[in-house]
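Going by the order they are written in, the chains are A, B, C and D; count residues from 1 in each one.
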């Protein structure tokens, strides 16, 4: 474990935690622009968080420790996820603690706790949200896992750093199977981050909402933590996408000179991805909830197809 | 000497019970004679252990390891049955199903029946064997119709006619055997029917004649064994007679008949130098097992149920004898022993259960465990034992039969598996509801005698986990003899 | 080669036996059946005696006497008494009509002769024909048992079957050992007695000796 | 030498002591104090000792002994080798927790008296021990069937209920048919001259066809016991019927003896492994996994639900074994060792967490008297400790890091991802399909346990409670806590465990997991190579907990910790009540919708004009209508036909005899 590694790890984690609301703000701003609105500005998430932290928390009667602990766990899980994905450089001392399978596990932990907390109060909305969240997750999670397997077959590893190393720093090969994986990944990303067409983060319409139903009972600092965790999650997903599909520019181990460039590249890619997300959300309509399974099953099958294609084409 | 005791005691007992007809002490006298017979059997056994096989009285009687253990088994089960029948028949009398005259007939015939079976086992003469087998039918036929109900009469009539015709065919087979040894081979007089003599010259006997003879013998004695499709008398006779009779019919008579078949098979196998006899036995065995299993499936009457189960087990034993070889024969002999012990124990409990319920219809017997745990557990354990669950002895023999079959006759194993599976489902599904659940039964006027049940089951358990060395040696000798 | 007279006699008796067996198969009247049975017993006794003369085995004379006593006198008498007491005269229609039964019977005779053929080749000339005939009469009696409905006729058929066996025992094999024959005779006697007892029980219980009353015990 | 003999003697002594404890229970069959406070705690201590013996023997060379019991030419042979040692360890560890729990659980009431139950329970334990120690076919079969029998009696403890008798019957029937299959398998394998010792079977050479027959029979027999689809139908019936500690033992340990048997037969006794076997097991495992979890989601009876999850987990274990067999059969023993280790690890994990969950279910049933999820809710308030321990079990079975369920699934995935090493295109593409099935099953399991935990422990009570509820006693809590600790430890320290499993793999496959895998320190789990994949649960845990605490402190430090209670938001409707919560059925409705064709559904929806609207839904196992009921119908029909043989007519009977004679004479 080198000093540079530790520094890199710290830098990356702090960057993610600090910049995640910014990304959220950027996406929202892009959406506003695309909708011909002025938008609140890309710093709005920070203001919201600040406001929420200041408020007095209102806790529903009957809420147990699980409900109160959940926001912290959400944040903890997302920070952990953020420290596992190589963004700036590939030498992350914490990365061997978990490979992509464990990364999926981290998201699963967060999801399970969120759903349990939602059911804790005993309201119709909470359990409705939990049901939908777990259902969407139950389909998205295997899809994510399978598309990771695509990479693992290419790079003979399930470790993200190795994957990045293989894709970015070895001979350039066009992997046909990864095309399927890319489409699947985008679909999973949309579903997992409660984005149109699966969910709409901007509405509280009970018939369609998923994520908002989960956190309906949260307020003040608890809500703030959750919102923050949501932002980090989006950031991490983007970072995973970047690491897997556009890894060029991520620095080699110990190559400090490349880090500033890598940071710049990362921010650039993030901005692009955020804009892309806004475009996708604007041009699509939200699906009926009953159609969501088809959407996710498609993602799952695409990932599977990629896997089979890998064996057929041998690349 | 021991042989005369062995045969004379039950005969004398039969006469004594017929003559005295003592109303109060008949059951005790019956027990006493049975016990004395058991002692005599022990003496015979001891002599065989001491001296090896021997013949006696101008070679008319012959004892070797094969029949010695059957003699001991027969005397033992006869004794325990007499113990069981004491309270059982008293309860029957209390319920008004038998009168003193019939009780007298019952006790006398019980002893005569024991005599005929012991005679069939110990005689060296194939003709006498036939006579004894026929006499055994005659002795039991009136026991089957003891209650004089229309059903029992029908059962006894069928028993009589079918076994009579069957045994007549066995006589024809015996005549052919005699013909082959006497007319064709020149053996003189009695020696031409002596098994020991026939066994010596078997290799030189005319194969075709012996094959034909074997067909008749097999069909004849096979009828008494209850081999399908000759079994039809068996469930009726078991179900309609008094339970002690069912117990000895199932536990002993079938064994004795099978003993006769095996003795004949040894001769025929030796003469024909082919697998003819083996294949016949295997075919009959498998057919019986499967047919019995499917007949079990829709049974409603508990005694018929276990009667069919006897057919199934006889089928398995016959199959094992058909395969032959040291292991299969060993297994078959062991299975004869454990089946006889287990099945009679089951009939003991079934008898009391039916008395408690006042019916033999299984759907109307419920929750034995609640009203009488010992009968309930007896029936449950006995059933599990007979179904071939370890650690009971039936499992040991089925283990050997199945593994040998898998090696020697793999084609037969699916059939056996089918039979065992269906039989298990059929029997256990019924017995479970009789033992467990809410009860609808009444207490009996007389406490049942249950130690025969648990003695039998304990023996079967011991045979499952540790067969005594002497007994094993004995089985091995007998198995080698059968070949 | 001319066959000695005594052998011819035995062959004749054998033929008679078969003839009687066929006659029984065709006969519906119970009393006539008993008569035929007695006749069969007589033929049997004669053939046993003839055999005893040929072979010079003294115990065959005992057999012959026993047969005469048991099968010509004792059992027919017993049966007559029973049917008189039970007032049975007629056998109703058998299960299969008589001509058909006869046809089957002829088939059985051919079968039996063919079966006995290889054995007869090995046997001494006396017994050559008798074994086949004995087998045939056993099978014919068996057939009769199957086709008759009354308990009494069934029993007569059973006894006729036993006659066939006895014929095989004496003529084909020159008699079984005496002790065996005695035992067999005892069994037959006791059996017949028990049959008698049964007739009364059955009559008492079912009011008839028709065996179709006894078809209750079956699988449903 | 003397120490190696001691291991097996100690194991035998412990097994016998179990039996003796059971007998002691019969002394005072109606005394709960005697059985619960004296015998069961001793039994728990004994189990712990046995676990120690098992653990120690994993590291040692095999030790064998012969007992003076058995058939004349076949005395009971016993043997303690790493494989049986590992399973003894599993048995001991699990039984410890369950016995402690049982000490407080059993009480007098309907059904079997406690003393008799104690006997059956210990007979069950002892027979499982004997199965693991057996080194000849006869002892194995005796122990195997005794195990089935003892558990059957335990299942039918409440035998007055007809459905429990039915469940017991079905269980014993399938167990027995399976056992016959195993018996025939031994029949195929036994050595020359009727040698039924496993040693003779190891050396016997079978023709390839015969060894496949033996494998097929073994898979059938052991599969029936393990609950492999389509032989699983007894499992969801028997487990709910049994008292909870018994369900825990059955699900936690007894199913594992089937896995043990399968491993023993295929790896150890049959010797030459073929890849076709692996493929068969792999497919069976995948189907079983998905089937189990899909049906588990539909259950609204807690123990039935857990039983279906047992089916699912058996499927996961079979996937691991299938991978292992495939790799070995195609000539990659090192990869095979990884698959085997994954399967064994999952075996242990499942034993621990499933026992915990069943005990939890038992506690709930004891406290509330309810079995239906639809009548529970909010129990965490009254049973905080049980709730917490149950949560641990739920997270473990949902394969969430850093608990133990995740480790073994992770290992299974790693094994599956090695499929590119294979030459055959078919195999290479089938294995990822299995992995996909496993991934789906894992996610669905998480969904199912969110449902269970949410419906049972969270929210508001759905049925009114007449009395105040109290958490279960100290014995029960301790028993569950022991198992929960197992979940955590096995999750956090996988490497020492993997080293143990390496001994087993070396015994069976003759191949180690790979030097690099074991050398990289006890913290880092790297099954193949560090750059291939690694996992460190402790770092994982520390990071999550650290960030959580840090956040907590920072929030307090920079903002405040003010809190007030308010009613939950009711959308302005007013009058929220417990009936408005989602039900168990509702929770899994999307899955039912999506996987509709899998289920056989009978649904009655209320219409608008119904005076008394009622919603009725019944989900049935398709295997009943496709396989078992037709089979029973077939037997019934055949039986009806055969019954005509027994027509009651004496003439017909005589005709049979006549025709039989003629027919046979034609053959002469």
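Basically, contacts are C-beta pairs under 8 Å (C-beta built on N, C-alpha and C of every residue); 3 or more make two chains touch, one makes a residue touch a chain.
Fair warning: this is a prediction, and the values are worked out from it, not measured in the lab.
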| item | value |
| --- | --- |
| For subunit B and subunit D, chains touching each | C |
| Geometric centre distance via CA averages, subunit D-subunit A, whole Å | 35 |
| Euclidean distance of C-alpha centroids - subunit A vs subunit B, Å | 78 |
| Subunit B and subunit C: spacing of chain centres that average the CA atoms, whole Å | 31 |
| CA centroid of subunit A to CA centroid of subunit C, Å | 100 |
| Shared interface positions of subunit D, touching two or more other chains | 643, 645-646, 650, 654, 665, 668 |
| Set of subunit C residues in contact with two or more other chains | 115, 142, 145, 154, 211, 214-217, 219-220 |
| Per-residue overlap in subunit A, given as positions that touch at least 2 other chains | none |
| Chains that touch, pairwise | A-D, B-C, B-D, C-D |
| Parts of subunit C lying in touch with subunit D, wherever the complex brings them together | 95, 111, 115, 139, 142-143, 145-149, 154, 211-212, 214-220 |
| Residue ranges of subunit C in contact with subunit B within the complex | 115, 118-119, 122-124, 127, 131, 135, 138, 142, 145, 151, 154, 158, 161-162, 165, 168-169, 172-174, 176-177, 179-180, 183-184, 186-187, 190-191, 194-195, 197-198, 201-202, 205-206, 211, 213-217, 219-220 |
| Touching residues (chain side subunit D, partner subunit A) in the complex | 377-378, 380-381, 395, 398-401, 406, 410, 413-414, 417, 420, 425, 428-429, 432-433, 435-436, 439-440, 442-444, 446-447, 449-451, 453-455, 458-460, 524, 530-536, 539-540, 543-549, 551-552, 555, 558-560, 562-571, 576, 578, 580-582, 586-587, 589-591, 593-594 |
| Subunit B partner contacts - residues on subunit D that touch it in the complex | 68-73, 137-138, 141-142, 145-146, 148-149, 156, 159-160, 162, 165, 168-169, 172-173, 176-177, 180-181, 183-184, 186-188, 190, 194, 196, 635-636, 638-640, 642-643, 645-646, 650, 653-654, 656-657, 660-661, 664-665, 667-668 |
| Residues of subunit A that touch subunit D when the two form their complex | 53-54, 56-62, 64, 66, 69, 72-73, 75-77, 79-80, 83, 94, 96-99, 101-102, 105-106, 108-109, 111-112, 115-116, 119-128, 130-132, 134-135, 137-139, 141-142, 145-146, 149, 152-153, 156-159, 162, 206, 216-217, 221, 225, 290, 293, 297, 300, 304, 307-308, 311 |
